[in-house]
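Per-chain numbering from 1; labels A, B, C, D and E assigned in written order.
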Amino acid sequence: MNFEVPIGPQHPIHVEPLMLRLKVEGELIVDADVDVSYIHRGIEKALELRPYIQGLYLVERICGICNAAQSLCYCLNVEQLLGKEAPPRARYLRIVVEELSRIHSHLLWLGHYLHTLGFETLFMYFWRDRERVMDMLELITGNRVTTAYNTIGGVRRDLPPGAEQKLRRTLDYIEERVRYYEKVIDSEPTILARTQRVGILKPGDAVRMGVTGPHLRASGIKHDVRLDDPYSGHDEIPFNVITWDTCDCYARVKVRLRETSECVNMIRYALDHMPSGDYRLKIPPFFKAPPGESLSRVEAPRGELVHYSISDGGDRPYRYRVRTPTLANLLSVVEMLRSRGDYEVYIADVPAILGGIDPCICCSARILITDEAKKRRMITTLDDIIRFSRGRRVERR
Amino acid sequence: MIEKILATVFFPGAIFILAVSLFYEWVDRKLYARFQNRVGPHLAGPFGLFQPIADLIKLLSKEDIVPMATDRFLFTLTPILAPALILFACMFLPVAGPSGIISFEGDLIAVIALLSIYTITVYLAGEGSNNRFASVGAVRAAVQLLGYEIPLTLSLLSVALAAGSLSIRGIVEAQAERGLWFIAGIQAIGFAIFIIASQAEMERIPFDIPEAEQEIVAGWEVEYSGKRLALFRLSKDLELFLLSGLGAAVFLGGPIGPVIPGLEPMLYTIYFILKSIIVLAIFTLVRALFARLRIDQMVSFSWRYLMPPAMILIILTEVIM
Amino acid sequence: MKVPGRLVAEALKSLFRRRATILYPYRELDKVHLPEGFRGRIEFDRSKCIGCQLCFRVCPAKAIEIVDDEKGKRPIFYIYRCIYCAQCAEVCPTKAISMSKIFENIALRKEDMVVR
Amino acid sequence: MSEEGLLRKITERFGDKIIEAKVLGKRRVSILVSPDAYKDVVRYAAQDLGLEFLSCLSGVDRGDSLEVVVHLGYSMHVLIKTRVSKDDPAVDSITDILPAASLYEREIHDLLGIAFKGHPNLKRIFLPEDWPEGVYPLRKDYSPEHPKPLRGGEAV
Amino acid sequence: MGLVEKLVRKCRARSPWILLFDTGACNACDIEIAACLTPRYDVERFGVLAKGSPRHADILVITGPVTRQVRDRLIRIYEQMPEPKYVVAAGTCATSGGVYWGCYNTYPSLDSVIPVHAYVSGCPVKPEAILRAISVLVEKIEKGEA
């Protein structure tokens, strides 16, 4: 039986339409192909059409989850073009918001991943606790998800009065909860059974495939843009880069759990050492950037984010290039799904590999089957293929 | 005769059972939500009590779609067959008195058999929708059956052995005679096995493998909509009632309890409902505590951890008797 | 140590703990988290506006249209296009635009979502 | 390794194949090479200088020519660029050196129309299947219908 | 209006099952809708269940501008839903394309593709706003106006 199994692009709750096309021979995946076109909106071109200040808000909406990282990266980029640098207080405030949104993103991922494993209750608990973080983001920036906090030359508002105490209380709460969840996850056999020794990505392969972020660190490679290429005063703030060397899905869970605690510490440090002074430079809304090119990198929750821009001296970018972490990590999925030589991938491994790397992909779960023999096309969900595949294995035994 | 028919149709027969099982779905959803620190349904009727009914009526009122590729015969038959089977099995439960509406020596076996036939109906439902993955999802249900059926049967049989009777009535009366429920004693192991195996029978976490999570009602159900889906949901609720009732009858003494003379029939029902809600709460708790296993893990789990204790249990019961 | 069902204590506790849910649309409106500085629906004070069109030029979502009325050029805000960035409020020289705390921007027809 | 040191190493090794080499800023280095040496430079940087991590690959329409930019390195960020003419643009694929490049090369092929010689699977990735052939959205001569200011709430 | 019809309407209003479809959104709206399912907001209160199959859903919740590729799929999913069905456009993108003007790959708005019954503006929509939108729609259904 040789048929094509596209996975995607619709899923009930959390969806980023993405389609994986898997060519399978019986159980074995012979070829994999990724189609991310469903979300392609043409942002890079659209950025060339609008003044820098408008681009800022478009960039935030490349992806809502990492919007703080996206806008930070954009601002750093334009500041570099202008040859300016945000004042120290702005840098610290940026870190606070960036790390807060990292906490929110990691909690989201963790809850989500557990939901992928069918653990509804922990999913609910994670998301319940995440609401506290969202409240803090809303308090500081004025909106829950899309923060619109960073602006060219600093941040748009100062910490509101009383926010610091509330923030600290939330941090204490989150820290305690994360510790508790780590204990639960470490001792729950059903979770361990589903994550350990599943979806292994060896360090060498991870580098070859350009994997970034927690996914890379879960393969035991100590790379973090905040450490290697500090961009917003990260050289002044002590923090640990979390790595884990079992290289499997369990490692990815562990790394994100530990990183969440690390973020808590970073925010505390930033609050303790918050410089006084201005929080933004006076930059007029419309300006022309001098010709040149600039490149900025930011450690977004899901990995390294790269913005590369070229200016021809106009009031809008000549070319703006965005490389998002998910795209970088996607490749490793495609590569890991392709059988070559003695490396064999079965349909049964698909959910493990996908889910471990990014739950959203796993969850954009609609499967379109093209059965060559019957010339029939059908749509079902990823769960069916999971079941289908697991079952196959059992039957073979 | 008339009385018998009335009993079958109304109390404690079909209508009553349907109502109670819808109520059980509400209890299940509400408790599950509470375990997760949520509220759960609360707008439909007082405390959301009518939520399952609202779901049901809504589904019944929806457009009826029969996709082209399906096998019309199976697509029509299975949604009717599935609730009918379980409803029939529910007739054996001692809801209003120590014996069910139908009762004979060996009816425990009949219930177990009906459950297996139900799984086969599910299998046919998947096949009938003629959707590759629906049908394979159905195959998963059948594979899972191999995992849990024997432990489930063994756990029930060991109770039957202890009671010296293969009828539910006999088991209930044996408990009444001793004044001790079977859960007190070595049959507690049997109860644990029963809980886990029923969880698999009902396709709930951690064994909801053939059934998707509650949000993605997929698998064998994926092509069914409207009325047909309503009937399948109904059979799920009935199954919930059947298994928690069975657990209550066999392990918790069924409808027997302290009696106020003259009020027996009512008290019987109340005791039965209360006890089965306890079993239901345990089902719900289990659902809240675990991640889903994969089917290979599920099968090896039940052969490794369910089968041996069940075997030992039945030998022990034999020895003690 | 592997203990299955470690969450049981937490789950049972939640059974008796206060629900985390806010019974929002029908009750407990006051519990909705709406801090100072929340960016909700635009509020526009027509009398303050001087018609400089800065808001129009800066709006990243093209949610603003400039029309001529008796006083000169004045903006109209199409809420269904607005992305709540508050950039217009930030640039407006006379602070004629402000962000209210109205977050329920719901309409059954688009035409209902306009601020003049 | 300092920025200048790195540049020196590469210029010494490849001589006049290097058209332009400059330091853009802290940990940022940019090198423009001729297309025939492009792959060798990338190989040298990745395998001999230890910049084995490909973080990005960009394509730029430079007006009369198309540019491919390779972003290499974890801490040090090296941009290796090469330019090809707009008629029949093609460069060597670097997927055999850096497998990470495969998705990016497809992206550039899709959006800018640069062919990568030796790419194993140069298929469409972002654009819809019904997108017209030969139209590349990121080229400067393509401009999407630019909505004019609003009238009655709708872009016209 | 007959009693049966009244009952049916009431039941429909109390059991709106939703299907979420992302037509190219930035995820922020998606996660806010996902947040609606979690303890703080808990849409199950209204009897809402998130479904995966269009065959089971009553309300289609759309986030994001409609991209060119997703358009046909969207129409197909809409057609797969059994009547009566409703569509909610959640977020500025879905109501009007919002910030994505000038993107060559998006359609101007959702209602140019399929009929829409309720619009929720917000970027992203606050979960409360989604709850409110559902309750508004539900009231309309109950009255038989939508």
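We adopt the following convention: a residue touches a chain if its C-beta (ideal position, glycine included) is under 8 Å from a C-beta of that chain, and two chains touch if they have at least 3 such contacts.
Computed from a predicted structure; not experimentally measured.
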Exercise. Select the chain at the greatest separation from subunit B, using centres from the mean of Cα atoms.
Key: D
Self-check item: Chain whose mean Cα position lies farthest from subunit E
Solution: D
Self-check item: For subunit B paired with subunit C, centre-to-centre distance based on mean C-alpha positions, whole Å
Solution: 48
Quiz item: How many angstrom between the C-alpha centroids of subunit E and subunit C?
Solution: 19
Exercise. Express in whole angstrom the distance between the two chain centres, defined as the mean CA positions of subunit B and subunit D.
Key: 61
Exercise. Find the geometric centre of each of subunit A and subunit E from their Cα atoms only, then give the gap between the two centres in Å, rounded to an integer.
Key: 26
Quiz item: By residue number and range, which residues of subunit B touch two or more other chains?
Solution: 35-39, 43, 212, 214-216, 218, 222, 288-290
Exercise. Specify, in ascending order, the residues of subunit A that touch 2 or more different other chains.
Key: 11-13, 37, 40, 42, 45-46, 49-50, 57-58, 61, 121, 124-125, 128, 131, 143, 146, 188, 190, 365, 381, 383
Self-check item: Residues of subunit D touching at least two other chains
Solution: 127-128, 137, 142, 144, 146-147, 153, 155
Exercise. Report the residues of subunit B in contact with subunit A in the complex, numbered from low to high.
Key: 32, 35-38, 69, 131-134, 136-137, 139-140, 143, 205-206, 208-210, 212-216, 218-219, 222, 287-297, 299
Practice problem: Please give the residue numbers of subunit D that touch subunit E in the complex, ascending. | Solution: 127-131, 137, 142, 144, 146-147, 153-155
Quiz item: Can you list the subunit B residues touching subunit C in their complex?
Solution: 31, 34-39, 43, 285-286, 288-290
Quiz item: Along subunit E, where are the residues that touch subunit C in the complex?
Solution: 39-42, 45, 92, 95-99, 101, 111, 117-123, 126, 128-129, 131-133, 135-136, 140, 146
Quiz item: Okay, in this complex, where on subunit A does subunit E touch?
Solution: 9-17, 37-43, 45-46, 49-50, 57-58, 61-65, 67, 108, 111, 123-125, 127-128, 130-131, 134, 143-146, 360, 364-365, 381, 383
